[in-house]
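Scroll down for the structure; my scribbles are underneath it.
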């Protein structure tokens, strides 16, 4: 699988993580979650096979990957914010607004204007989030919740339902495949790789981890924590913008509930922590998040194949998320503090 | 920024403000400090509440007729109770996102049980519901403390589990009715004029205020302020946290009794309540992350939120704008609370003879590592250093 | 498109993009280029932008009362409401209004006819209407021995997932026919078009912007619903009476049509619509809105609702504030019908019948046998009135059950629908 290549490296870089010990490769959540994804796939394959089905068909695998794209994009962005110890609850409404802006702009103008409009909107929302969190010192939870409410009002005031139309040329992003692999997966991988480089290989990335690990110490050692948090929010919103563009191309139109019905706000946070990123910030990374997204998508597909009651799915998801984080906490605690 | 190091949100702010507060204390009397601290966290919400109540009176002169005002309180009661429960969790440094799901699951499950046993005594059902809420809270607390899962995740998972489980059980929608005697608490009145819900709200409010004045309350705040310090001081921090979650669960179950009583069976009885409750608590000046804030202010926050909704509705504001206004007010209120009051304190801290930074911070776990010039709440500069 | 919307949009697009963030944009652009050069596409050949002939699209043009209002469709629905449907009167789910039959010989299933595998992409079961509907559909499947297997994929209200679901089912060689209940009209069009090329597709409830489906099953529609309710109030409430309109939420196509038809009727009448409020389907919020409205206007003389979910809460709000319940419109949900009877309300309940969930299964079997079906299968849309209330109200059913399910005589009733004998 494409992402596994990233996973082993996840151990390095962050200022806060202690030097890996003997058994640490397995203990690293980013590795663990990819193993878990493999395990879930294996179990799913066995269970589905036992009922006479075939889980690992091409259609199915492609479906799983395709279904990971939107959540993956959001979760990757969310990772950046959570690493700094912040949080973004406005992503769901930003996606909805993003699809609407993309579709309506592209209807009247060109694809490029549409893309730029969405990215500009995303950057502006991210900047606003970052400024409210750092400038007004409003807790990120409340700040982004407030932004979410404002965006919601904006959407409901200006759009009375699905709007706009995406040109056929733009729909290639949502529907095309290169060989068996959906093109949109490359978008996810490109964004994830870019973010991976930013978080692991740049000064800014180092600052992200430092800010999330201990903001006070980071500031004392010369990190401009305020800028770092703002930049993380902008990065996150840009990823969300990319998700909105992907959804717009897939849906062919903008939909006011594109982001909210799927609960991308809480789902993305769940995927991030499932991937081993610590909610308080400072530890974790993009590779783990992708693994978390994959686990959720594989679970979903298994449930689909087995025809599990959709309400029961939520129970399992809740248990999986809590259990995973409990497991990470256990492992983390066993290391010398 | 004099030192050029930037500023920070979150706990460091609190510590620094605490430090600033303690410096202020050296320059003023202890009594003054008490008032300042009480107002410091709560003042914006009381101001907001007064403004909203005045606005309500201006919009609708009949608003303060006793029965209409009581109806308003009755409507606010579930949120106030939820805010009180949420306060206990927040003040010890945690979150409870599962309260909305507890309300929904409580209403739907009660209806489901009534569907099977239509003649179940209401008192038993209510008690059972409260007990179930306590159990949900207990599970939240144990997972958070024993398994060291952040409460945000614990209660998010609990939310998914509860909603999934109750609708899996009922096949998607509630199958029974809530009988009138069960609904009395949420819908009926005592002596023909005083809604039971108002009494329940008052009782819950008094109980939680007493609770916060007890040793347990101090334990809770100490835990939220600095877990390690509290632990070293002999506080059983885990037990305090677990109890806070249990109380929050019970509060949510009580809210379920009121909501189910007020409006009957609904598959979305508790939708959005978790965010509203947290918003209310934060509006009351309670710091997320714990250690500061008063429960009365948190409940005032809930009243403010309800007053805001009522006022917007009376104003005929369109549903769309409603959420925008809500968002702006929440951010503004919290932002003003964070910014203005630290500035006020700074001014108070500046009287001659009391050079800032001369006393070490006592309230915070760490000594103030920087002079007050780097106090995070000074975006515009102009600090004495 | 409304002028205000285009204005706000141009404001956004004029905001200069932040130059520092050029990298992701470049990545995106590269990906787009890759997309254009890609070797395979699941998108329908002509692309959605090229499709412009379908009926729904005309809705976008007229923006007089609302962008959802379509005069032709409005007139058509009101006319349909007056017609007598063809087909067995005891089985409204098999009836059709003004059918234009289409030939389906090309879809006739080869080989044995008794191992049919039906596949269904469901938008979700996120409300009681859909829950009752899905139970009814499953019961209908049980009635037909020739159906060997019935696969349901639930999109949980996510357009994106439903697109994948449809792709998955259309790519599944075992599905003989695909039933789709779209979550959103516009967004599922490409996926449905793609599926049409692979197997017979039957769309019901909401439509899609393509006529490639073998048949599109739906009742008369939202205009009919809204007009019936509004006309009732026009008849029952004295002139100058104050009407409170309670809507669930803005932007839902089926609900918007109900309101635009009602608005037309109220505008023509002498009634005064004093408040139009959104309840989000929340009974607590509904009670607050109603009691606020009563106190603000002194009284409310009639209540129009775009759906019945919160009708009982509205009734209770009047009781709690000590006022008489004025003429009120609801829907065919059990709790409202019960309150109507117990409290002797002046009421009416137009319906969006859940029995339409039976029809797709019947249609699919007909199609697979090569029998003719209407291109658009218009089902009747009965209204519950004072006169036939007792026919629909049935003791022991759960409060959120929809009486117009056509399921009363199905095996497993009432237990499988949550009811008691």
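Read from first to last, the chains carry the letters A, B and C; within each, the first residue is number 1.
Everything below uses one rule, namely that contacts are C-beta pairs under 8 Å (C-beta built on N, C-alpha and C of every residue); 3 or more make two chains touch, one makes a residue touch a chain.
These numbers were taken from a predicted model, which means no experiment stands behind them.
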{"item": "Central chain of the complex, centres being mean CA coordinates", "value": "A"}
{"item": "Selected pair, greater C-beta contact count between A-B and B-C", "value": "A-B"}
{"item": "Distance-maximising chain from chain C - centres being C-alpha averages", "value": "B"}
{"item": "Separation of chain A from chain C, taking each centre as the mean of its C-alpha atoms, in whole Å", "value": "32"}
{"item": "Averaged-CA centre spacing for the pair chain C and chain B, given as whole angstrom", "value": "39"}
{"item": "Inter-chain centre distance, chain A versus chain B - centres from mean C-alpha coordinates, in Å", "value": "29"}
{"item": "Touching two or more other chains - residue numbers and ranges from chain C", "value": "125, 250"}
{"item": "Per-residue multi-chain contacts in chain A, two or more chains", "value": "156"}
{"item": "Chain B, residues touching no fewer than two other chains", "value": "172, 319-320"}
{"item": "Parts of chain A lying in touch with chain C, wherever the complex brings them together", "value": "59-60, 63, 66-67, 70, 101, 104-105, 108-109, 111, 113, 115-117, 119-121, 123-124, 127, 156, 158-163, 165-179, 183, 186-187, 190-191, 194, 234-235, 238-239, 242, 245, 247, 250-253, 255-258, 261-262, 304, 307, 310"}
{"item": "Parts of chain A lying in touch with chain B, wherever the complex brings them together", "value": "85-86, 132-143, 145-150, 152-157, 215-216, 219-220, 222-227, 229, 266, 269-270, 273, 279-280, 309, 311-319, 321-322, 325-326, 329-330, 333"}
{"item": "Residues on chain B engaged by chain C in the complex (per definition of touch)", "value": "60, 62, 68, 71, 75, 78, 111, 115, 170-177, 187, 259, 262-269, 271, 309-310, 313-314, 316, 319-320"}
{"item": "Interface residues, chain B side, partner chain A - complex", "value": "5-10, 12-13, 95, 143, 147-150, 152-154, 156-161, 163-165, 167-168, 172, 275, 278-279, 282, 287-289, 318-328, 330-331, 334-335, 338-339, 366, 369-370, 376-377, 379"}
{"item": "Parts of chain C lying in touch with chain B, wherever the complex brings them together", "value": "125, 127-128, 131, 135, 249-250, 275, 277-278, 281-284, 286-289, 291-292, 295-296, 312-313, 316, 320-321, 335, 398-400, 418"}
